[in-house]
Amino acid sequence: MRLLMWWSGRALSSAATLLGVSVLIFAAVRLMPGGFAETVLGPFATAGQKADLAARYGLDQPVFMQYGHWLTAVTGGDFGVSMISRQPVGAELVARLPVTAELTVLAVAASVLLGVPLGVLTAVRARPGGGGAAGRLLSGLGVSVPEFVLGSLVVFVFSRYALGLEVGSWVPLTRDPAGNLTTMILPAAVLSVFSISVTARTTRDAVMGVLVEPYVTAAVGRGESPWFIVRHHILRNAATPVVTLLGATTAYLLGGALIVEHVFNLPGVGSYIVQAVGRRDYAVVQAGVLLAAGVFIVMNVLIDLLVGALDPRMGVMAGRRS
Amino acid sequence: MILELDDVTVTFTAGAPLRRVHLDAMKHVSLEVAEGETLGLVGESGSGKTTTSRVALGLQRPTTGTVRFDGRPFPKRRRELAGRMQAVLQHPHWSLNPRMRVGQSVAEPLDVLGRPMDGRADGRAGGAVGEMLEQVGLEAGFADRYPHELSGGQRQRVSIARALVTRPAFIVFDEAVSALDVSVQVQILNLIKDLQAEYGFSALFISHDLGAVRYVADRIAVMRKGEIVETADTATFYTHPSHEYSKQLLEAL
Amino acid sequence: MSLLSVRNLVIDYARTRALDGADLEVTQGETVGLVGESGSGKSTLGSAAGRLLPQSARRGEGEVLVAGEPVFELPATRLRHLRRRHLGFVFQDPIASLDPTMRVGAQLGLVLGRGGDVSFHLGRVRLDDPRVVRSYPHQLSGGMAQRVAIAMAMATAPDLLIADEPTAALDSQVREEVSNMVFSLAAEAGTSILWLSHDLPAVARRCDRVAVMYGGRVVESGPARQVLGNPAHPYTAALAGSAPAAAAHGVRLEPVPGRPPVLTGPAEGCAFAPRCPFAEERCEHERPAPVRIREQDVLCHRAADLEGTLAQRRSAPEVSA
Amino acid sequence: MRKLDRLSIGGLACLLILVLFALGSLFGIGGDPDAIVGPRLQPPGPGWWLGTDNLGRSVLPRVMEGVGTTLLLSSIAVLVTAALSATFGIVAGYRGGYLNELVMRLVEVLYSFPAIVLAILVAAVLGPGQFAALASIVLVTIPLMTRLVRAAAVAVAQRDYVTSAVISGARLPRVLGRHVLPNVAGTIAVQGTYALSVGIAVEGGLSFLGFGVQPPQASLGVLIQQGGTYMIAAPWLILGPGVVLVVAILAINVVGDGLRDRLEPRETRSLT
Amino acid sequence: ATGTATSPTAAQESAAPGYLAVADQALPTGGALNLQVHIDSGAATGYDPQLADVATTWQLLSLSYETLVTVGPDFSVQPLLAEKWDTPDPKTYVFHLRKGVKFANGREMTADDVVGSLKRLLASKGVWRGQLGPVKSVTKDGDDQVKVTLSEPYTPFLTALANVPAAILPMKEIDDKSVDPATTLLGTGPYVVQDHRQDVSWTFKRNDKYWNQGKPNADTVNITIAPEEAARIAALQNGGAALATLGNVDSSTMLAGAKDVQVVTQATTDFYYLMLNSLKPGSKLADPKVRQAIAIALDDQQIADVALGGKGKPTAITPAGLPGACDPAALPSAGKSLDDAKALLAEAGAQNLSFTLSIFSTEPAPAVAQVVQQNLQQAGITVKIEQMDEASWSGKVYGKAPADFDAALSWFAGYADPGMVTKWWNPETAGFNVGFMKPDKDLNTLIDAAGKEPAGAARDKALTDVCAKADADAQMIPLVTRPATVAFRTDALSPSLYAAEGYGNVLRLVADARVKKTQ
């Protein structure tokens, strides 16, 4: 019953969030300096041309009317038409989503598979004397190299010397999974360096917090192996912040993906949105941001559920303080 | 009456979402604690003693029934009760802030009341805090320590010191002396009695140790499976228990 | 054969000496009660037996042998093996020693391994309610959590169970039952028990031997009834005399006067000297060496002189009841 | 409370040196960062100890100026983020209920905006420049920190010492400030140093888009963005600022971890 | 005007004059050509060539559309769809249409298509309409001749016809609405579009009905849009692209060690210019003396050397490098010194002049701006640089009239005739600068006069006057030309490239390129 209530509450608040995002982004694109007309039509455009363009995309109507039309269309699954390509935005997003999704999934996977162990290791090895220093330095290094620089370097090196992995080409996963992987590994690696480090450091923090708990001592006292303790007790108890982080990192990765997509020239959502912002292609920006919002909302619901499942004191059922 | 519980029921839900179990931790409990009185609360493990104390402290809202403190329902803003009540909670491990020195923890209730502490401002040795620590059998030097540097009994005594330091009107002791050796137990129980004689506070004294309860309590309530099965004066209770369960309890003593 | 043997163990924390040359023997199948003032080092001694001390703890001197193996010298895997084979712990704060994110059943299942009968082990500590299996630790009462902790420690049938106040949070009835259970299971399986407790009557009743700690040393040890009924050390006598359970209603009990010592280094003399009514000059400066009084090993300069006098001071004849 | 470990002290020393370095540029040590002093893209040599950039300016004074700009900008931004996230996260985590929902939804809304959109909007409202960069960094880093602080606060809120404080009648600010905050401070320290790295990256990205630090002022982000394009042709352009950036972030991270460990008075246990 | 090529190779040296490279005719035809460019055509007007106003769009559309005449090496006008033309008098042009020209749909091009196209252009709102000059009428003169009559002589007319907006469209289909030029590319050019994903890629296939037998050489042209320089460099290095346009003036050094990659710099007539807003109320820049002082203080040579790595050239308003363009060194401001500038400022009471320079962040604009800043500092002028993305920049500069910026930096396409771009100095013709530029009657008269003057010494003289007048007016101050860098793989491609380009069209000679091997 409470679960049902939670779900319906969550659905409602998600809808409210989406609505808020839609209002904000709609207002935001119109607040951005440099109107679509100057940008899209160029400096030579006459007033008449601008008016024509405005009329074509309904931009001559009062803003709230525009919003109303847009919202009705969006709820009907129609995200509008790009002012640049004149193609439906929805279709283009769908076409580009796999690239970004794959990048993000690979990077998140790398964060989990490398960042979490690294964090656990640096925490478990942390001694008052400063052991685990190598791991700490390593994870510090990851956050200090900007994606742009790392990406450019990787692109340059891998394109000049045949090192086995492709850069600058992209093969759809559906066409050639193996080929797709060889082209995606590098961008995903570049993208994940940062999140691996952040994951490692957050994991370290969380694990250190767990290591002081008596139940860890109890497990040690039972003669359990470190690996066993990590697996059964520490990971679970340290999971909340890490899971929260990973969910949130997805948002960051989407932003990072845009840089990586740029450097590696991958046709993903990130670069689509950025280009659209650059050209003030309203429909695309609106749809892109709404998509991102949708993704985050779903992610957050999942995270809350996961956190609730991992730690009964938190999450769905724990509710508020009595 | 400083505390009145009137027909209080508390229901918990637990278990996996689809196999939810409802549990009445308290069933129609009515209790009263008079000014200056110590009510001993005994009963088997899991019978709802801690829950009762949480209700009495206003931490747990009853599912049904009413609670009155100082003759009034719990105010919306807890602040109004500042300095009126204190508690020694059951788990000494969790009851002290791991990042606060013992002295700071003990000084906190004073701080809250805005009573400037004599002695050093950081609540280290000296002043009311140091004195209080010494009264519970800890050297004033313990004020400098962090909770994790204490033994179980020492930690429990710090909690007690914190509860007593402001001489509140009502104190809950939930298994407050269970981790103490008998000698220290006696010391603490004497302290409670002495302070009570001096300041006349009321107390809800929860314990499994019927000896200790007998030593401090004026009246005794017996709980079983969420219900109060008997309430009696201490003397009466220990000599002529009326309920079957009370008799069982006393037999074991 | 001696299962646990602690010899002249010295443990220092950052600013406290917790053990100041403690000696303790637990032989196979024996049940030993460890009693003493709060802060005297019982938990430290218990943890030291499994080398479970916090990192800030330093072993100054002495050694701990479990099943003949020097615990402090063992490499990690051997140590782990030793803990698993020989040792079982119940910690002082049971609820904190349970993983808060795991249902009780799952935790116990983890200890038992595949095929373990969780409800059987919970039943042994009188937690038959099926709800408990599915509960998280924070949903249990203090006493229930403690029983779960005991069940987990007993589940692997260790050679030596080190139980730190395992029944402190239990009501008298359950305490009896759980204690009975633990001791009878131990007797069956030949398990030795080191029972850290404040409950002197229970220790007297159940344990073969008792060791009394004061100021980081075991000041008296011997057969339980002997030690508690006829103490040879002034501290033991004082301790035994102050049980509140012993007092009739309205009678004011007197604790041992003075405060326990907080050691920062080796005690110069007898740590109890400042509080001891029988203290002499040398008690202050000379560390007492063990002497044997009747069946007891005692750390007291005046043990021989006092023989007989201490028993008369007992004001609590119910101790052995 | 434990002392900082050796690694953290090393990090602190590095930071100190960097601050001195930045201060040096205020007093003109190293030269005028904007002046064209030699031919373009010269490798390090006398007159330009770290080489010259694509306009023939000496890289050394630019790096010195850049360190100052970046450290100042990002640390202010991170302080603001930390303060806001701590407040929102703690209040939301402790209070729960509607307040929690509201804060979390707001954070979600912020999250939904890609950094670049946010940045452009902020720059539109505030005008491009350091202030816009600062605001953007704050907006970009706030959501994650708030969520993590909240998660930590939820756990702390259920501890008995919080209950004890509540029983004592402590006011909300006290409960939050004395009990919840110190126990989530580790999270804030770790996430703060992380936010600092993000901040520097965002600052660089913004400058690249044109919304951040305005030319000719140097910041590490700007220098690295530029250096990145000349990475192969003139590696010294990225080497100077790159090394400084890596050292700065490493130092900050290491100090952050050290701080986190210091804030934890309890000892972690080894698993053997 | 010849382009400079870094690391000249054998192929380069043997190139004909006016060319950076000439495709090796000995190579077989066919194959696929993979190109990368940094930006897609992004016009809101779609593919309609008549409305296209930026070089990037012209470049892509030129693969499918053709014009009556075209530009040869060194900016000479050469026949294309018109085999030849007569100029009976300076106001009349008669074009003899090439026979056998077919649109990609197989229909033969007729004089009606030509007349219709030109009329459509003249009736359109496109920018290029103005560049065609004072056209009075366009008429069909028999089945294969078209006559254009001007109301007065206009020298750049043919050059203006040589650009993509004047392309010949399939007017029959457009008129019967079966083809919408905004969404369909249907021209007479060497290639037809097979696929276009906005901002991702184009695929062009050989037009089998192309009139010029044997051309185009490559069967397929794949164009990838790669906004990031690093990506294009990578594609060149690993062979993903046979040819790519590069944005950074130093990219050649990046590619220095790459095997088989040749980087060439194509000179263009595009040039950077500084806008000084003389219409902003209260602005010191309204004073011509102040503007002249700024023009004097600017060191074009330094801008070219430093900001453009020596690849650009100082220019007057007639783009440097075009035949007949005036000599920037002979401009009045070029002969003056910093002291003169300071004196002018003092005269105008603007000693502590300080203003904001608005620029977009695309390189090398920030570099140019920073050198400008350094230059003006010498004259005691403080320049604050305000950098933003291109859209915000256009909003700020073109968004409203009067515009509220102080100064701004941008570049023009310089076109293929020295007189064409001078038109933009008349805000009433140009339109885009009405918000910040006061029309100067004298200047306008000079510009018109130069337009009428037939090519020759007199025209050069007229243009010199225009240059001097514009220099004195100094509302828009030309700075330096903006070169184009192109890199290609010598093992994959043998391209033809002009040494200099007026319409920013790197792909102009794509149909000539021979593929060496296909990746």
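Odds and ends about this structure:
When the chains are written out, they are named A, B, C, D and E in that same order, and each has its own residue count from 1.
Note that in this section a contact is a pair of C-beta atoms (placed from the backbone, for glycine too) under 8 Å apart; a residue touches a chain by one contact, two chains touch by 3 or more.
All values reported here derive from a predicted model rather than from experimental measurement.
The minimum number of touch steps linking subunit C to subunit D comes to 1. Chain centre most remote from that of subunit E: C (centre = mean of CA atoms).
Inter-chain contacts peak for the pair A-D. Ranked by how far their CA centres sit from the centre of subunit D, the chains are topped by C.
Measuring from the averaged C-alpha position of subunit B to that of subunit C gives a distance of 26 Å. As a whole-number value, the distance joining the C-alpha centres of subunit D and subunit E reads 44 Å.
Per-chain Cα centroids separate subunit A from subunit E by 40 Å. Subunit B and subunit E have Cα centroids lying 87 Å from one another. Within subunit D, residues 120, 123-124, 158, 208, 229, 232, 264, 266-270, 272 each touch two or more of the remaining chains. For subunit E, the set of residues touching two or more other chains reads 230, 254, 388-389, 392. Among all residues of subunit C, those that touch two or more other chains are 54-56, 80, 93, 96, 136, 138. Within the complex, the subunit A residues that touch subunit E are 32-35, 38-44, 46, 48-49, 53, 82-87, 92, 151-152, 155-156, 158-160, 162, 166-169, 262-265, 267, 271-272, 275, 277-280. Chain contact summary for the complex, subunit D toward subunit A: residues 2, 5-8, 94-97, 100-101, 104-105, 108-109, 111-117, 120-121, 123-125, 140, 143-144, 147-148, 151-152, 154-155, 157-158, 186-187, 190-191, 193-194, 197-198, 200-201, 204-205, 208, 221, 224-225, 227-229, 231-232, 238, 242, 245-246, 248-250, 253-254, 257, 260-261, 264, 266-272.
Taken together, the subunit C residues at the contact with subunit D in this complex read 54-56, 76, 79-80, 138. Taken together, the subunit A residues at the contact with subunit D in this complex read 13, 16-17, 20-21, 24-25, 28, 31-33, 123-124, 126-130, 133, 136-137, 139-141, 143-149, 152-153, 156, 194, 198, 201-202, 204-205, 208-209, 211-212, 216-217, 220, 226, 229-230, 240-241, 244-245, 248-249, 251-252, 254-255, 258-259, 270, 273-274, 277, 285, 288-290, 292-293, 296-297, 300, 307, 311, 313-314, 318-321. Across the complex, subunit B meets subunit C through its residues 12, 14-16, 19, 21, 23, 42-47, 49-50, 90-94, 134, 137-139, 141-142, 145, 148-154, 157, 175, 178-187, 189-190, 193, 208-212, 214-215, 234-235, 238, 248-249, 252-253.
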